[in-house]
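Take a look at the structures below.
Here come two complexes built around subunit A, the first alongside subunit B, the second alongside subunit C.
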Partner chain A sequence: MIVKADEITKQFLRKRENSNVFYAVEKTTAEFRGGNLIMIYGQSGSGKSTWMNMLGGILQPSSGRVLYDRTELYAMDDDTLSKFRNQHIGMIPQGQTAIHSMNVRENILLPFSLYGKEISAETGERADRMLEEMGIADLSAVMPSELSGGELRRMAIARALIRQPEVIFADEPTGDLDDENTRTVLSILRRQADMGKLVMVVTHDREVAEFADLTYRMSGGRLCLEEPEQIV
Partner chain B sequence: MNIKNSISFKNFTRKPARTAALCLLSVFLSFSVLGGSLVVLALKGGLESLETRLGADIMVVPYEASTKAELSGMVLQGNPGYFYMDRSVLEKLQDMDGVKQVSEQFYLASASASCCSMAVQIIGYNPETDFTINPWIEKSYKGTLGEGEILVGNDLNLFPGDCVMFYGTPCTVAAKLDKTGTYLDTSVYTGEETIKTLIGAAKEKKIYDFGEVDPDRIVSCVLINVEDGYSVEEVRNDIKLHVRKVEAVQTQDMITDVSGQLTGTSDFVMVLIGVLWILALPILGTAFVMIANERKKEFAILRVAGASRKILAAIMMKEALLINVLGSLIGAVLAVALTVLFGSLLESSLGLPFLLPGAGKMVAISIAAVAVSVLAGTLSAVIAAWRISRIDTALILRGEN
Partner chain C sequence: MFTRMIRGTLFRQWKKMIMIAFTIALGASLATAMLSVVLDVGDKVNQELKTYGANITVVPKSSSVLNDLYDMEGEGVGAYLREDELGKIKTIFWAFNIVDYAPFINVDASLPDGSPVTITGSWFNHHMELPTGEELDAGMNSLRSWWEIKDGKWIDEQAETDEKVAMIGSELAAREGLKAGDTMHLSGEAGEGDFLIVGVYEAGGEEDEHVYMQLNDAQELAGLDGCINSIEVSALTTPDNELAIKAAKDPGSLTVKQYETWYCTAYVSSICYQIQEVITDSVASPVRQVADSEGAILEKTKLLMVLITILSLIGAALGICNLVTASVMERSSEIGLMKAIGAQNGAVTGLVLTEIMLTAIVGGIFGFLAGIGFSQIIGHTVFNSAITIRPMVIPIVAVLVTIVTLAGSIPAIRMLLRLQPAEVLHGR
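Let's look at the complex of A and B:
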């Protein structure tokens, strides 16, 4: 899968000194191919999450197009786009994202529950494998309120991966994790890229660079490719 | 889709405090609409039953029993009453112009002493001339009442074949009558011969001295049907003019009074239902909106996982539906149970005839009330569902909304 941002911009109406319009992302064109782990780093407010949300199909750009191969994301109506997201995009949002009325296994199976299908035996087995891979198999029936931050993050990753999407977005996936959990999470994401998926990680954490194929820096709404030696 | 696997069902069952609080409002909706409807219908049913059962145009009673309060109390609430007038009144009334049918009744109150199984109003009627009780008992009893046989009102805890003692004389229950919601339900009916036997036995066994009370010479009331072409008012005035020491009461007047009270009570009940709905529906709607606001992050996560705006709204509406189905069913069960259990209490406190609809009609009304309540309660979540469907996922995930 090739994901292309074609001259996309995002502006918000906010009070600024000279203008009420604030450009979170300046006009940008970029193309990303499957099999890569892309790291996008930058300061808070640099536009990283906005960029990721636009590419992930949950924030419409102010202008420009987002293409998944030849499919133009925001040309679809909400129903079609939502289903496309459900089937092709796995997103790991920032922070804790558990549904608290569901246990860990049900949280992981959430993308399947949305479209009213019975959970097949095969899907159930996949969820069990995923729990095993994330090291939370023994927490399958536990409610999210009983999990640690690292366990919750691994649960969110499992939920994003359960449908085996071609494109995976992760917003600060290691934000509040200790070293051990950070490496576990990044290894999981690296494995996905090695399996031919496109993985895009938005982060402050420079340690991600060690796992990334390409690194971009976001600054003032502009995206720049960085050579490895430029990353400090 | 298996409902137990649905997101809505999990939210519904795994957030018991939230579910219970919302259900409670829904209980109010269905309880008020069904309870109120049943009370209004029971009052209307009682009035219709009273109209049918009175069956006569004019009631002639001794002058001393003519105060409206006493007569109404007896007819509507079953307060024991016994008053007598000379039997010759019967012949005078028979001969009057415009009088089509006359039939006498004899009232006797049993005592709560050891001579009697229970204290009830015993009404002696003449099966040959009667035109009010016969049509009513036809369904329950086809035969002719023999001496010592009685018919019992529906509220009495007696059944065909039971034997009861009145003034030391055993009487057999021949049939139990259909419910009317009026004083007739707590009375006992029998032929005049049995009345004579009861009085005779009481005197003989020295259980009670009835003094001058002799059914051969006196009656308690005379029921009259007016000939077609004559006005009830005219006949009534004629009676008042020509028959001494009696009062002729137009039964329609009594019904009109009851009808007036019933309208007042029904209006009050309807206003009460209206007020409850005006309060409960917006509260329920606001509660759903507040819950929707609280759960924005949860819905944003669903959106990220691929839920469309329609799916988000559907989840909210399904939860509202589940809550309202449960609440409405509880409310309906409570309404039916309380109306049935405390119907008699309502009847006596309102002082109006009270006849609940039959089981079939009651089930139909309950289904309709539950449907209305579920629909209204679920629709109250529309604003919440709309708001949820419009959430800005990206902003919520950034914690800015």
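Let's look at the complex of A and C:
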């Protein structure tokens, strides 16, 4: 899968000295291929989450196109785009996200449940493998409110991977994790890239660079490719 | 899993859901109570109004022509209805709506000193066993329920006595120095006799100068066996509409379908028409003042009830609107998450609406039961009788609850549809 941002911009209305329009992302064109773990780093407010959301199909750009191979993401109607996200994109949002009325296993299976699908034995086994891989197998029947930050994050990763999407977006996946959990999470994402998936990690944690194939810096709404030696 | 999500939300937001159910219950209870009363109020108001007397008078056709020509009050002379046909009134299509009736014959007589006096023969509590198996005590006791008995009592037709009895008006009693228990001698054109005065009444009109006695006694005095001048009928009627007004002018102008509708509806004109069919050479006409009052009071009462229902439902919709919106806002991060991982708007809307509708069903059932209680309180307080709950109230209330719940959920659903996952997942 090739994900291409074609001259996309995102502007928000915000009171500024000279203009009421604030460009969160300046006009940018970039192309990302499967099998890579892409790191996008930058300071808070640099526009990296906005960038990721536009590529992830949950925030329409102000201009430009987002292409998945030849499929133009925002040319689809809302329902088709939702289904596309469900089938092709794994989204690991910032913070601790869960449906609190469901246990850990049910949360992981949510992408299937949303389309009223019966959970097949194969899917159930995959969910169990995911739980095992994330190290939270013993928490399968536990409710999200009883999990720690790291466990919640691993649950969110398992939920993003359960449908085996070609593209995975992770927004600050190591934000509130200790060193051990950080390495566990990044190793999982690295393995996905090695399996041919496109993994894009948005972070301000430069430790991620160690796991990344390509690193971009987002600054003032501009995306720049950085050489490894430039990352301090 | 869908069920589990709903159950989870219902339990997790139980306080909010109870408030939503309570709001719906409040609206449903008022709607149930008001609808039950509206559907039953016609009969109740009619029954109340029956205490103001008859709403239909039947006179011989020739008397009616004279009345129309000369705008005369009272019955014509020389034309009579047949007493033996009185029972037929309870055989018409709307027989069960005839709650009371009484025949009248007016006779000129004189007192021993030669002074003239008007005598009216009628039924008082005349017992009838009808072909339908129904039994009825008909007569003036209930048709003139507003008469005040100053002395003695009403004539009791069912009392086993051979003595002839009469009631006299208060003015006549005062002028002649008569009281209950006295005997009065009366002479008519064809007979005379002594009558025991059992009661002195005050009607507040010219009747206070009259003497009332049993129908056959008056007929004997006048030599008019089996004859009556008029019949007063008290019937439960449906307020007139355009069809009834058109039919009252000329039933022949109606189409077959209109005729059937009119004939099979308890309009006063329809009942009059049917009475004319069974009483030979008669003209039955509504006492417009009473009939119009019934219609006007009924319509206003119904309008008031419907307005209360509408206002209570609007109030419930506004309450639901606030509560559902608050519920959706509280769960916006979960909804945003579901959308981000591919939930379609339809699925999310369906989830929220299912939760709300389940809550509405619970609230609606409690509201309906409470509404039945309210309607009985209204019935006993206002009409001194129970309100009959019509089966049709159930589907009407169900539809109203559904409409109100959906209408109240519209702003929340609009918010839900506009909700951007990227924004809520970043806490905006």
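Annotations
Methods note: the second predicted complex is superposed on the first by the 232 of 232 C-alpha atoms of A that agree within 3 Å, B and C clash if a C-alpha of one lies under 4 Å from a C-alpha of the other, contacts with A are read in each partner's own complex, and residues count from 1 in each chain.
Here, a contact is a pair of C-beta atoms (placed from the backbone, for glycine too) under 8 Å apart; a residue touches a chain by one contact, two chains touch by 3 or more.
Source: prediction; values computed, not measured.
In this overlay on subunit A, subunit B clashes with subunit C. In the superposition on chain A, contact is made by A:S82 with both subunit B and subunit C. In the superposition on chain A, no contact is made by A:T71 with either subunit B or subunit C.
Contacts of A:T123 after superposition: neither subunit B nor subunit C is touched.
In the superposed model, A:H100 makes contact with both subunit B and subunit C.
Of the two partner chains placed by the overlay, neither subunit B nor subunit C lies in contact with A:N36.
Applying the stated touch rule to the two superposed structures, the overlap between the subunit B and subunit C interfaces on subunit A comprises residues 49-50, 53, 56, 58-59, 78-79, 82-83, 85-87, 89, 91, 93-95, 97-102, 106, 110-111, 113-116, 119, 159. On subunit A, the positions that touch subunit C within their shared complex are 49-50, 53, 56, 58-59, 78-79, 82-87, 89, 91, 93-95, 97-102, 106, 109-111, 113-116, 119, 159-160.
Residue ranges of subunit C in contact with subunit A, taken from their complex: 1-2, 4-5, 7-9, 11-12, 333-334, 337-347, 420-422, 425-427. Against subunit A, in their complex, subunit B makes its touches with residues 1-2, 5-7, 10-11, 14-15, 297-298, 300-311, 393-394, 397-399.
Contact residues on subunit A toward subunit B in their complex (touch as defined above): 49-50, 53, 56, 58-59, 78-79, 81-83, 85-87, 89, 91, 93-95, 97-102, 106, 110-111, 113-119, 159, 171.
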